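Attaching a single structure in C-alpha cells format; questions to follow.
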Amino acid sequence: MYVHNDDRVLLKVIEYVSPTSAGADCEVWRAGPRKKIYIRPEEVKAAIVTCGGLCPGLNDVIRQIVFTLDKYGVKNIVGIPYGYRGFFDDSLSDINLTTHYVQNIHLSGGSLLGVSRGGGQTSDIVDSLEKRGINMLFVLGGNGTHAGANAIHDECWRRKMKVMVVCVPKTIDNDILLMDKTFGFDTAVEAAQRAISAAYIEARSAYHGIGVVKLMGRQSGFIAQYASLASGHVNACLIPEVPFTLHGPNGLLVYLEHLIHTQGSAVVCIAEGAGQELLPPKGSKDASGNPVLSDTGVYLQQQIKNHFIAAGTPADVKYIDPTYMIRACQANSSDSILCTVLGQNAVHGAFAGFSGITVGLCNTHYAYFPIPQVIDHPRRVDPSSRMWHRCITSTGQPDFTPRA
Amino acid sequence: MYVHNDDRVLLKVIEYVSPTSAGADCEVWRAGPRKKIYIRPEEVKAAIVTCGGLCPGLNDVIRQIVFTLDKYGVKNIVGIPYGYRGFFDDSLSDINLTTHYVQNIHLSGGSLLGVSRGGGQTSDIVDSLEKRGINMLFVLGGNGTHAGANAIHDECWRRKMKVMVVCVPKTIDNDILLMDKTFGFDTAVEAAQRAISAAYIEARSAYHGIGVVKLMGRQSGFIAQYASLASGHVNACLIPEVPFTLHGPNGLLVYLEHLIHTQGSAVVCIAEGAGQELLPPKGSKDASGNPVLSDTGVYLQQQIKNHFIAAGTPADVKYIDPTYMIRACQANSSDSILCTVLGQNAVHGAFAGFSGITVGLCNTHYAYFPIPQVIDHPRRVDPSSRMWHRCITSTGQPDFTPRA
Amino acid sequence: MYVHNDDRVLLKVIEYVSPTSAGADCEVWRAGPRKKIYIRPEEVKAAIVTCGGLCPGLNDVIRQIVFTLDKYGVKNIVGIPYGYRGFFDDSLSDINLTTHYVQNIHLSGGSLLGVSRGGGQTSDIVDSLEKRGINMLFVLGGNGTHAGANAIHDECWRRKMKVMVVCVPKTIDNDILLMDKTFGFDTAVEAAQRAISAAYIEARSAYHGIGVVKLMGRQSGFIAQYASLASGHVNACLIPEVPFTLHGPNGLLVYLEHLIHTQGSAVVCIAEGAGQELLPPKGSKDASGNPVLSDTGVYLQQQIKNHFIAAGTPADVKYIDPTYMIRACQANSSDSILCTVLGQNAVHGAFAGFSGITVGLCNTHYAYFPIPQVIDHPRRVDPSSRMWHRCITSTGQPDFTPRA
Amino acid sequence: MYVHNDDRVLLKVIEYVSPTSAGADCEVWRAGPRKKIYIRPEEVKAAIVTCGGLCPGLNDVIRQIVFTLDKYGVKNIVGIPYGYRGFFDDSLSDINLTTHYVQNIHLSGGSLLGVSRGGGQTSDIVDSLEKRGINMLFVLGGNGTHAGANAIHDECWRRKMKVMVVCVPKTIDNDILLMDKTFGFDTAVEAAQRAISAAYIEARSAYHGIGVVKLMGRQSGFIAQYASLASGHVNACLIPEVPFTLHGPNGLLVYLEHLIHTQGSAVVCIAEGAGQELLPPKGSKDASGNPVLSDTGVYLQQQIKNHFIAAGTPADVKYIDPTYMIRACQANSSDSILCTVLGQNAVHGAFAGFSGITVGLCNTHYAYFPIPQVIDHPRRVDPSSRMWHRCITSTGQPDFTPRA
C-alpha cells in the first residue's frame, strides 16, 4: 500500500499533434505514505496554521491532519491562532488539537483556528517555532502564504533546524499552477449558483430586468467561468484574463440592449478582477500585499443603468455580491474528499522527510510539488482553451475584445 | 363543508387583566367557500396581476388561484404581465393561464407573470378591464397595490361594472395589519439564516471580526427580529421601530467594542429602515411611492470601521446584503401551504360575491378583510411586546435608545 | 415586560353561528416571566431530560433552557443522558450544561443528551431526583413522557419535595391537544418535501410510474396532510383518521388505475398509522408502550403491484420511507423560534412556581397547560375541518371511505 | 479553437517504477469540434433517448445536446419517450425538442423524456429509425444500453444506413472503464451525505445506536467509498469488491460490538451489491438483464439485531435506504458542468462523423471511446488502490476478509 519514492505523476497528458505543446514535460513526486519515515512520531511537535481569507474546507483539512498525525502516533499537536499573527502576538494562545476536539469541525464553515492576512518577519516566526519546539509545520494559504512558508523552510535550513514545512494550497480562486483544482473551488462554484439563480429570477420577473453577479477571482476567472457553465443562465461571463469593452458596437452594453429587446432580460457574471483596466487603479494594497481592486461590479451596474437611461429604454438592474456567503460555506462532498486526501498526504509528506513542499491534485493524482514551482505566478484561464470556449458557447456572448 | 356567511373570526384572543388591551374587538368574515355563488363560472373572465417587488410564494398563489378557478369551472383566465403596467402597455400581451401551464410553477421563485412597481391611472385600468371583459380580478401586492385595488373596486362600482376585486397581501416584511403573517415572510426568515450564519462564521474566523447583515424591513423590523431569534448568533438586532444611538456610553459602538474585548467577535443584524434618523433624508421616492432610504447598512459598516480605527483596536468588518438572494427563493413548505390556502380562499371570496377585500390569516384562521381596514398604516413591531423582549433577551443587547 | 398572573389565552377564536361550536371555552395561563419568582436561583439545581424518538429542535430547546436559566442566575444545570434511563442506569453520568457548552448545539439535529424510549418506576426516578438534589426538572417528550412527568410531579408533591416539573411537548406528529403546533412539525413537513419530490420525479420519469411515500403519523395524519398540501404533487393522501378502501369501484386502486391511464403517473402519501384496519394487528408494543404498527407502506406498495399485474397494465411502483432522514434534521427557522420561546417560557414557568405543566403555542400565544388537560388523547385531524377539505381539494382524491 | 483529428488523450499518467503498471498504453480520440463536418445540418434528423434508471444530470445532457445541435443549425430534433420502448410502442409519440422547450429542464431531476429498462429487438429499432428518418441518435444509458447502441450502430452499417450513433454513459455507480467519472456520481455522493448524516445523528442520539445506510452500487462500490470518505462519520464501508465476514473474531459484528462498548454508537455504509455471497442468489433478472440482488441492507440490519440480542447488549439499529431520494436529485454544479461538456461533445462527435462511440472524461480531458472498449466489464474499486486505502484509513475499519 506504500508509494515508491520514485513514482512520478506525468504532467503531460495530451499528445498534441501541433508542435507548440501546452503539456509540460516535468514530473512531480507522487504523494502518499512511504515505507520509511524520517522522524519518530514521539519526537514530533506539529503545528497547523491557516492564513488569508476563508475558503470552504479549511476545517476538513485541519481535521484530517490531526487524524493522520494521530494515526502516526503524534500526541503533540497545536493550532496557531489567526494565521501567522499567532506566532508573534503574545496575547494569543495556541490551541491544543486532539481527535476528539476536531471530530465534527468539518460540519462548520470557516476556520477553527481563525485566519488573518499578512505575514510578519520570517525570522520572528522561526524564532517562535524554535521557542515552541515545533518541528512539523502545516501551512494552509495562498500564493503569498506559500512564499512565506518557503522562506520559513529556507530559514530553518539555514539555522540547521530540522523542521518539516508542508503547505496545502488554499485558494478559492483555483489559481495554483499545475493543479487540477484546489479545495473550496468546487463548493464556491456550487454556492455561486444561488446568487446566479436569484439574479436570473429577479431579471426574468422584472420588466427589462438585468442581473449582475460579482464572483471571486482577482486575477483568475475560474469561479466565474465554471459557475456560468454550471448555471446555464448566464448571458455574459467577464473574467480578468479576457479584456472587454463596455461601449461601442461590439461592447457589452449594446449586447445587453440587444438581449433586452429580444429576450426581455439578461444575466451578467463578472469576476472581481475583470475589467480593472476600465477603472483608475486604487494604488493601495491589503495586508496580504494584494492590490486593492476597484469594485467593477458596482461600476458595471452603474454603467448599465446610465446606458439604458441614455438609450431611453427602461431597465431594472439588480446587483448581487455573494462573496462572503460563498466563502463561509461548509465544504461540499467533492471538496470534503479532496481536503481529506490533501490532509492525509500533507502528513505523509512530512513523515517522508519532505519540506518546502506543497500537496495538490495533478492529472487526477495527488502529488508533492516544490513550493517555488507552483507560485511563480497565478494559474489563469487560458482564453484559447476548450473550456473557455465551452463557456462562451454556453453563454452565447460575442467577442467584447477592445478593438484598436 | 361550507362556511356560513355569518361566521366570524374574533380578533381578541387574550383576555388582558390590565385595562389597556391591545386586542381589538372588531370581527372579520371567515374565509371559505359559500353555499351560494354570486356569479356563474362560465361567465367569468378572471385576471391575475402581481405588483411590487418579488416575494417567495407568488407562483404558489397564482397556481392555486388557477386551480381553484378551474375547479369552479372557469375556463377564461389570464395573467396580466408586469404588474399594473400590463393593463396599459400595449406592447405586452396577456398570458393565458391553464392548470397545465401552472402545474409546476411553484417549483421556481419569482413571478411567472412578471412584476413591476408603480400604478397608472385607476380609470385607465378600469377602462382596460372593461375592454378585456374581465369581471374577476386577483391582485397580489403590498399596501400601495391594495390602495390601488380598492380604487379600482370603487371605480368599477361607480361605473356599475360587476367586477370582483380580491387581493392577496404580498409583503415580505409581514407588515399588514391584523394578520398573523403574510406569505413569503417565513421563507425570508429562513433564507436570511444563510447570511447571518456566513456573517457569524466570518466574524468568528477573523481576528476581531464583526459581521453586519442588512435584511429587508423598510418600516417594520419583523424579518430582522425573527431572523435574529432563529439564528441564535446575533448580538444586536436593529429595527426601524426602536431608535438607537451609535455613539456615547450606551451606544452600539461601545457595545461592539465590549464584545470584541470579551468574546472576540460580534454579529449585527440591521433592518434596512433602521436608523434612518441617523442619516440625512434622501428625499426621492421610488416608482411605488416609497421614499428611497439611505443605506444604513453601508453607513453602519463605515461607522464601525471608523470607531475601531479611532479606538486603536483592529477590527475586521464584513458586510452582507442578501436581499435579492432572499426575495428570489422558492417558498418553503410553510409558505407554500399558506399560499395554497390564500389562493383557494381568494377565489372562494370572489364567488361569494366579495369585492374590495383581501384575504389573510388571523388568529390561525383565514379571514376576509375590507381593504381599508388593513392598509391604514403598516403593522410594526411593538417594542413593548413579549416577542421583541424575547429577541433582545436572546441577543443580549442593552438598551441603545438615544438619551436626552 | 412582565406577564400578569391572571392573563389568559382564550381558546375560542371563532364565533360560530351554528350551535355545535368546536371552540372550547376553557382558558389557560399566559406564558412568560412573572414579577415574583418562587425559588431563589442560587438554590436551583436544574435537570433536563429528552425522551422518546428524535424530533427536530430538541437541541434548540435544551440550549434555550440553559441560556434562560443562566440569565436567572442558575449555575447548577445537568443533562440526564438517554431519557428516563439516565435516572437509574448507574453506568451513565449526568452532563454538566453551561452556556458555553450549548452555544452551537442547535446547528446539529438529534439530542445532545441522547434519547431513549420507556420509563422506569416513578418512585425510582423521584428517588434519583432526591439523591441528586434536583429541584427543577425540564422534560421533553410525547404523551407517554408527559404522563410520566405528571406522575413524577404528583409523587414529589406527595413526598413534599419542592420540585418544579415543567414539560415541553416533543411530538413530531403535532398531536397534542389545544396546541397550534408543536416543535419539529414544521421542519418535518419541509423535510418530507424531498421525499415527495423524489417520488414525483421517479413516477413522472418512469413508464406508468407510481410513487408511494410513507410519512410519520401513528394516530394523527398532520404530517401527511400538510406535506401533501405543501407539495402540490400528491394525488392521494391517506391518514389514520380517514378510513379508506383499496378495492372496489371507490377504492384507491381503481383511482390509481384511472390516474395512470389519464396522466401516466401518480403519487400517494400515506401516514404510518393509516389503513391499520386493513392489516392484522401485530399485538406487540414498543418500549414507550405504543402498539407496534404493521407497515402499511410496504403493504400498500405490494397491493398496488398486485393490482396492476392482475389488471394487465404495467406499473412501476417505487416506495420511499424517509422517516429517519426527517427526524434527524436540524430545526428550520420557524421551529427554531418556536423552540427558543418554548425553552424560555419553560424556565419562566418553573420560576413562577408552576409544576406539572407543559408549555405550548395556543392561538398564536404561548400558554401554560396543566399536563392532564393536553394528554387525554392525541389531537387528530378532523375530517370535517376546512384544512382536511383543502388537502383533498388539492390532491383531487375522491372519497375512499369503505361502504357498507 | 478546433481539435485536430489526431490529438490523443494518453491513458497513462503515472510512471510507475514497479514493472506491473496499472496504466494502460492505449490512446483515445480527443473530443471536440472538428474543422470538417461530415453531414449537413439541414439534413440531420436527430433523436435522443434515455434508458435504464434515473441519474442526476439526464436533463442537463438532453438540454445541451439540443442547444449544440441548434448551434450547428439542426432544426429537426426529437426525444424518444421511455427509453428504447419509445421506438416500438405505437401508443407513445416522439417529443419535439427545441431550445425554448429545454431552456429550464436542468432545474429538475429525472428525465424529461422518461426512461425505461429493457431493449427490444435491434432490427425493430433500426426499422423504426429508418421509418422516422433519424440519422443521428444520441443514447444515454449504462452498460447494457451501450451494448444495444453498438448493435444498432452495427446494424445500420450493415444496412448501409448513414446513422451516427453516439452514447453518453449514464451510470450513477461510476462504473465505466477508463473514465475519471460519469455524470451523476458526484451528485449521488453529495446527496448520500444526508442519509449518512441522519444515520450518524440517530446513532449518536440513541442508547447504543447503530445506523446502517444502503447506497447504490451493484457491482462497484464507488458511491459507498466516496460517500464514506466525504462524510467522516462512517465506521465501516462495505463494497462488492471486498468480501467481508459477519461472524467470527474478525467479523463485522464483533467490530460493531467493540464500537458500541468504546464509543457508544456506530455507522455502517453498505453498497447494494456488497455481501451478496452471504445470501442465497435470487436467480431472477430485471428488465435490463441485471440479476436481481438480495437486499443485504435489510439482511445486515437483521443480523446486527440478532447478534446484539444474542450478546445480551441492547442495540438500537436504524436502517436507511435513500436510493430514490438520491437518484431523483437535480445535478449539482460539478455534474452540471460535466453534463454540459458531454452533451456538447456528443454532438461534435456525431458531426465529426464518429459512430458507435461514447464520450467521457479521461485524465481530466474529454475523449471519444469506441463503445466496446469501455463496456467489456464494469469498472470496479481496486482494493489495492490508494483511494480504497484512504477510505479504510478514514473509517478505521479492520480487515473483514473471510479467512480460511
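The letters A, B, C and D name the chains in turn, as written, and every chain counts its residues from 1.
Throughout what follows, contacts are C-beta pairs under 8 Å (C-beta built on N, C-alpha and C of every residue); 3 or more make two chains touch, one makes a residue touch a chain.
Just so we're clear, the structure is a prediction, and the values are computed from it rather than from any experiment.
K.L.:
Which chain maximises the distance between its CA centroid and that of chain B?
P.N.:
Ranked by distance of C-alpha centres from chain B, the top chain is D.
K.L.:
Would you mind telling me which chain pair, A-D or A-B, is linked by more contacting C-beta pairs?
P.N.:
A-D
K.L.:
Can you check how far apart chain B and chain D are, centre to centre, with Cα atoms defining each centre and the answer in Å?
P.N.:
45
K.L.:
Using mean CA coordinates as chain centres, what's the gap between chain A and chain B in Å?
P.N.:
39
K.L.:
Which integer distance in Å separates the CA centroid of chain A from that of chain D?
P.N.:
Taking the average C-alpha coordinate of chain A and of chain D, the gap between them is 30 Å.
K.L.:
What are the residue numbers in chain C that touch two or more other chains?
P.N.:
Only 108 qualify.
K.L.:
Taking the touch rule as given, give the residues of chain B at its contact with chain A in the complex, in rising order.
P.N.:
Per the touch definition, chain B meets chain A at residues 54, 82-83, 85, 108-111, 114-116, 194-195, 197-199, 201-202, 204-207, 211, 316, 318, 320-322, 324-325, 327-329.
K.L.:
Which of the residues in chain A come into contact with chain D in the complex?
P.N.:
Answer in residue numbers: 1, 3-4, 6-10, 12-18, 27, 30, 32, 60, 63, 67-68, 71, 106, 180, 186, 189-190, 192-193, 226-227, 229-232, 332-334, 336-337, 340-341, 344, 363-366, 384, 386, 389-390, 393-394.
K.L.:
Which residues of chain B touch chain D once you look at their complex with the stated criterion?
P.N.:
104, 107-108
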